[in-house]
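Please read the structure below before turning to the comments.
We just call them A, B, C, D and E in the order they show up, numbering each chain from 1.
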Amino acid sequence: QGQPGSGAARDQIRAVGSSTVYPFAQEAVGLFTQTNPGMKAPIIESTGTGAGMKLFCAGVGSQYPDIENASRRMKKSEFDQCQANGVKEIIEVQIGVDGIAFAESNKGPGYSLTPKLVYEALAANPYGKGPNKAKTWKDVDPSLPSVAISVFGPPSTSGTRDSLAELVLTVGCDSDPAMKALKDSDEARHKQLCTQIREDGAYVDAGENDNLIVQKLAANPDAVGVFGFSYLDANRDKLNDIPLDGVEATYDAVASGAYPGARPLYIYVKKAHIAAVPGLKAYVEAFSRNWNPGGPLTRRGMVAAQENVRQANADVVTNLTVMTGDDLK
Amino acid sequence: MADSETTTPTKMSARNVNVFYGEKQAIQDVSIDVDLDNVTAFIGPSGCGKSTFLRTLNRMNDTVPSARVTGTITLDGDDIYASGMDVVQLRARVGMVFQKPNPFPKSIYENIAYGPRIHGLASGKAELDQIVEKSLRRAGLWEEVKDRLHDSGTALSGGQQQRLCIGRAIAVEPEVILMDEPCSALDPIATAKIEELILDLRGNYAIVIVTHNMQQAARVSQRTAFFHLGRLVEQGPTTEIFTNPREERTKDYITGRYG
Amino acid sequence: MADSETTTPTKMSARNVNVFYGEKQAIQDVSIDVDLDNVTAFIGPSGCGKSTFLRTLNRMNDTVPSARVTGTITLDGDDIYASGMDVVQLRARVGMVFQKPNPFPKSIYENIAYGPRIHGLASGKAELDQIVEKSLRRAGLWEEVKDRLHDSGTALSGGQQQRLCIGRAIAVEPEVILMDEPCSALDPIATAKIEELILDLRGNYAIVIVTHNMQQAARVSQRTAFFHLGRLVEQGPTTEIFTNPREERTKDYITGRYG
Amino acid sequence: MTAATLSTPRAPTDWRGNEMRRRIARRYAAERRFKLLGLFSVLLSAGFLVFLLVTMMANGVKGFTRAEIALTVDFPRSPILLDPAALKTNPAQVLANANLPSVVDQAAQTAFGEGGERFVSSGAVVAVRDAILADPAILDRKVVISVPASEGIDLAVKGKGSAADEAIADRLDEAGLISTALNYRFLLGSDGTDPTTVGIWGALKGSLLTMGITLLLSFPIGVFAALYLEEYAPRNRWTDLIEVSINNLAAVPSIIFGLLGLSIFLNTMHLPRSAPLVGGMTLALMTMPIIVIAGRNAIKAVPPSIRDAALGIGASPVQVVFHHVLPLALPGILTGTIIGMARALGETAPLLMIGMRAFVASPPGGFTDPATVLPVQIFLWSDEVGRGFIEKTSAAIIVLLVFLLTMNSIAIYLRNKFEKKW
Amino acid sequence: MIVIIIIALAATGWIFARARATRFQAEVGRLATNSRPSQYGWYVALWTALPALAFLMVWANVMPRLVFDSVLSSPAAQSLPADDFSRNVILGEANAIARGAQAAAFNPQSMTLVEPFRDATARYSAAGALLAAILAFAGGAFAFSRVGPSFTARNRVERVVMWTLLLASLIAIITTAGIVASLIFESMRFFSMVNPLDFLFGLKWSPQSAAMGYGNDDAFGAVPLFWGTIFIGAIIAMIVAIPLGLMSAIYLTQYARPEVRKWMKPMLEVLAGVPTVVYGYFAALTVAPALRNLAATIGIPGASSESALAAGLVMGVMIIPFVSSMADDSIAAVPQSMRDGSLAMGATTSETIRKVLIPAALPGVVGGVLLAVSRAIGETMIVVMAAGLAANLTLNPFASVTTVTTQMVQLLTGDQEFDSAKTLAAFALGLVLFIVTLLLNIVALRVVKKYREAYE
């Protein structure tokens, strides 16, 4: 704990966290400053969800951030840490949805995949039957082209990777009943078998830079890329999306949840700061007022959540409802 | 040509001085006095330790990492190797002209003016100009360089550089002047000028000069010390050393029969 | 002491040579021949251009950015400033000892072995050892350094460095040897050794020596050239220059009356 | 070897013999090869630089311009919500609440038909606001305001857009409604969300402040440390330790400096996060060893005879150092400073740890305000979704290089001035 | 304000001491005193300024505490909320308004505290200023009383200079100590979770297993990372940078015309300042695909679109100036007489360079190379973009590898858990890297000491 009030009182909102939420938080800053011309623009720091959680949960006070942007839900361990550090009242707001998209160059062979195929192509040890030996997509499924498996995706340290594991790989994995059963008997083993990705070069960690993956796809027409949906949308002239389960990664499909690779995005706000940091509430409202389909946030590439989700979260914002943490994992 | 020796107060005196470069002993057990009113000449074959000993007199050997000095050397009775000794002041009082001319890579003017400046010897530009001119004149260089005082000191001929360094040393008017072969690169006329300067300085300053030129030693010095293989073989009034040396080796060296 | 002049083939000859340092003219219209069987001495007051002219003879002036040379200089009839001239070979054939000793910061051994190595004069270690020893002996340094051949050349006394540089120059057995005051830091005995070396070399090598020591010029040279203020005032057989100079200035300089 | 072999004079070297000629020819060939290799190296290195610069230029120059659309706004008939009287008292607040976005959208739809609001950028609102502020009288009539085109149109005008956008751009062009102008907002503004309205000044100022702190700390400390180690320090185990640890600091990955800055400056000293002050101090820790190493080598290269000369006329060690050694070593020290500062200027990793990888929408006011710096800005923009950010990234790189050159040119001038031969 | 007064006092002290010294120097003679008048002046000025400024520095840290205590004891503070955060916010805001850093309060309660803050601040700053002034005066007077012909002012002033220099070099030590301390502390925790031997000699680095919590068994074998670091940073990059850098330096100092050198040297230095993202894109999008195609055409197996070669080559270009500029400076600093000596022996320029100049300039050359290696080891962006993040233990330059620092950045900046073995692994990696580079530097120091040919 620092000296009381040493340094200037904070007149600027500070947010930390996910690089996925970052552009939308930015957009909210623009909307916030437009309607609050006297206020200083909030500072948004892109640290990654986990690192942001660490900063966010370090305590209450002017030297700690007010908001955490998260591309996944807060974990139980993180919530506990927050509580331990005196960050007792946390407001959880789901601001929208992001999809992880599968795409290929528009000169590519025209893949059509399912979570199961993705799992079989990428898992280190598919269904626990020994190391993955598939070299080409054809080895995975005869209907697929006979080109070497080469997937550019997020590194193991990113939230996007978590989503890939959770939304696609685990789903594909659980298509095998034995795996589903394993989940109940040996959860750790299940997790490992279902989410561990092969490390023999078929899957390429391409760093946190999604634009780079886009450009690498253009240079490698046979490769498959995995990245945030908004990047796919912005580069439709270079990329084709790869349908999952026959569903194309369109805006509507992601928004409705029909597309398998959709995940919710959150912001977490410290209630204790709302009174102390000028403009904080207005900034949070900048999200809730603009997250409608067709609104500024979706123009920026975010996918709007379902109507009922939006409504529920708008209420959270108005009432400043504090989360309990009971249903966290 | 040398005056007879006059008995005068001792300015510097060395007692049982040894100098080592690492393991190697370059000076062995040298004891000698430098008088105020006499010019002392150090002679001896190349490599015998003249420069080394000269450098012990103003502690320039401190700058050679491997060098180590034992024994006592006093200046006006104060031990210059005592821990309380102020080496900077010592060197200001005991000036030195090095064997290899080493002008600063600055202008000729700045080379001379440097000493007076750091010692605050001139109260203004005019006085400094005067000091520079006087020093260059005394070193016999003024006529050659007066039109290009602001050229670099390193763009001079060998002999000019040597005279520049002499001028630089006398510009601060030290009490003792150590000159290591100050005329080695000079022609007879320039040499004569420097010798004149030495005779001029004598009386007010204690002067030590290293030379290989016996005639020069005989001309300018009143006392001579002959070094050989790191030892002080013989010292005494110049006339005596040159006319009637006690040691065989001295005689051999002076008559050029040595070897 | 000087031999009488013998008529011998001209090794190098300079015609109407001018040297400029930037705007400043350091050498004016000098024409002179260097013979194979004669030792040529350059004398003249400090700063008159001796070193400058000497450096034009093996194109060492090329390394001074501001220096510019006009006129022609030939070696065995070939213009050394011609565009096709091979400077490397020229400098190998025309060796030089500089006025300020400049040993390489290498061991004594390596200093001497440097030239023979680059020119491939030794076919093996043994031969190289032999060349080193012989060169050091001829330069009169062997006895002093034979036990510490692997010490640095810069840790030698001034005179030792000078002899090291002489040894280095003769180790490659050049055809012409230019020596800029090779004995300035040497005692009479060492000087005698070098003079002996020069007389030894004479006949096989063309030798030019710059000196301020008239006696030395008289002792070792057969031809003498007197420079003054960048001009070649007079040249001729040494005996003639010293006994019967044509020019007043020469006479004044030689008798020490100049100034 | 015998005395006999030594006394017999060796025959003069046969310089013009065939063997010697061949040898010299060989040596000359080696010489030529060596020189060519040198030339080749210089040209290759310079070639890389030129290639990088040309690529940057080609990609980035257009980032300094923007397409502007002449938008006809009929204020009396627009859905503007404001009281012209209140405009005089508190214009900023009034205009903020004036529903200008709808005004712009409606005007665009009127002018260009359905979907026309997509032709203009979100910065159009700002242009309209500025126009009203400049002349409130326009609220009573129909005026033409030049507003920035949207990202897609902007790219289309610059020849990099999609086919649909190109068609629109062509249509607008035929109507004489579109023009290209210098994007002054890019030079004067800060980070934003729309590539047509972002600016580099915020990051540039952040870099300026950060580099100022870095230079102020690392240069004197680096030079002093180098001087101490070379001129004063006794040669013993302790100074060897200092020497090795300084050299080693240069090899410490920059991210570790970020961790150190985080734990010392932020967690212990409680300095503000994301501030140029902290960034500068962190980078100074990283730059200092480079200056020390370069400085020490430069000081070593000053010939001892010059120190002797000064000491010999009674200069004190401090005078020797500051009058002679330092000026002669300055070129080398400046080289270290140049490459150290260049590195600091391009560094991102340590700044991530102290919170400078942030979206900062207004230029920092001082050393303790949140700020970002040019390389981080470049890094952030390179990862933006919007295609318009590609040219902005290159434009920002050009700005960074210009900054680098300006920063270096002073040092280079000094270096050339102090370079001496001896 | 008070700082200005102290400086003014110091200046006055300087003038008086100097005048006094000039007077007595005129009596005893100029060279008879140990110091020059201005050095006496400096002595007094330092005694005036240093203690007072040191006091002010301490005071600046103590004062806020005192101010707060006094404000908290004021009546207006009794109504403050008990909750720590809001209380601090109010206090901070009041303080900011009192200092004029903020115009108005968001919190009405803050306004009531502004006055107490103003008062307390005024009171304590006045007290501090007074004390500092007294200290300055006392210091000055003490120093002035000592000024005399036999007083060694210069030595004392110069000792201050020397201590300043020493202090500067100690900063490096402190930094090193800080780094080592933090690395060791966190590494210890890591090694309590992972066997150090497995870490140091394990051949499999599988950050995802650790990241995703599959267990730590044999997930932290760091050998592939160290190999990757050496392969990219110390081998491939150096194969590019050392010859190109050194030869450029040689060409520019020895062959090129001075004007060319004057322009080219700074040009090359720009290479070091281009942000690494730029190099990263260049490496990943231009160099890497070209290399892969090349490898495919000549039939090298295992060629991937990210390769050690692509990253290493581009990195090599980036660090050229470290080698070229430092070598250039040291070569240029070798005295002309050394070059003359060699040329006069009939050596060619290249022989002179190789046999005389380089040995004499060795410290600078080695220093530049070390800096370059250091830079290469520390580089992350190019590696992430062009060499990938796959920890392969391979000799094939066309295969993807990764480096220690890249992994450290990934581990430290990604979506991390609290204090997991994964985050701590970054510190362990840092520690090992630190030790390795330390050894490298010790060896380099020895080499330079052994082979350096110091000129006069």
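Just so we're on the same page, a contact is a pair of C-beta atoms (placed from the backbone, for glycine too) under 8 Å apart; a residue touches a chain by one contact, two chains touch by 3 or more.
Keep in mind that this is a model prediction, so the values were computed, not measured.
The chains in contact with chain A and with chain C alike are D, E. Of all chains in the assembly, those touching chain A and also chain E are D.
Matching CA atoms, the turn from chain B to chain C amounts to 180°, rounded to the nearest 5. Core chain by CA centroid proximity to the global CA centroid: E.
Chains D-E form the pair with the most C-beta pairs in contact. Chain centres here are Cα averages; for chain B and chain D they lie 56 Å apart. Averaged C-alpha coordinates give centres for chain B and chain E that are 47 Å from one another.
Our note on geometry: chain B versus chain C, Cα centroid distance of 28 Å, whole angstroms.
The mean-CA centres of chain C and chain E are about 53 angstrom from one another, to the nearest whole unit. Residues of chain D in contact with two or more other chains: 27-28, 31, 304-305, 316-317, 352, 382, 421-422.
Each of the following residues of chain A touches two or more other chains: 3, 6-8, 47, 208-209.
Chain C has residues 88-89, 92-93, 100, 118-119, 172, 174 in contact with two or more other chains. This structure has the following touching chain pairs: A-D, A-E, B-C, B-D, B-E, C-D, C-E, D-E.
Residue ranges of chain B in contact with chain E, taken from their complex: 86, 88-89, 92-93, 100, 118-121, 172-175. On chain A, the positions that touch chain D within their shared complex are 2-3, 6-8, 12, 14, 16, 19, 22-23, 25-27, 29-30, 33-38, 40-47, 63, 208-211, 228, 230-231, 233-235, 237, 296, 300-301. Interface of chain E with chain A (complex): residues 64-65, 68, 83-89, 91-96, 101-102, 106-107, 206-209, 211-215, 280-281, 284-285, 289, 302, 304-306, 384-385, 388-392, 399-400, 410-418. In the complex of the two chains, the chain E residues touching chain B come out as 30-31, 34, 36-38, 152, 154-155, 456.
Those residues of chain D lying in contact with chain B across their complex are 235, 304-317, 319, 323-324, 328, 420-422.
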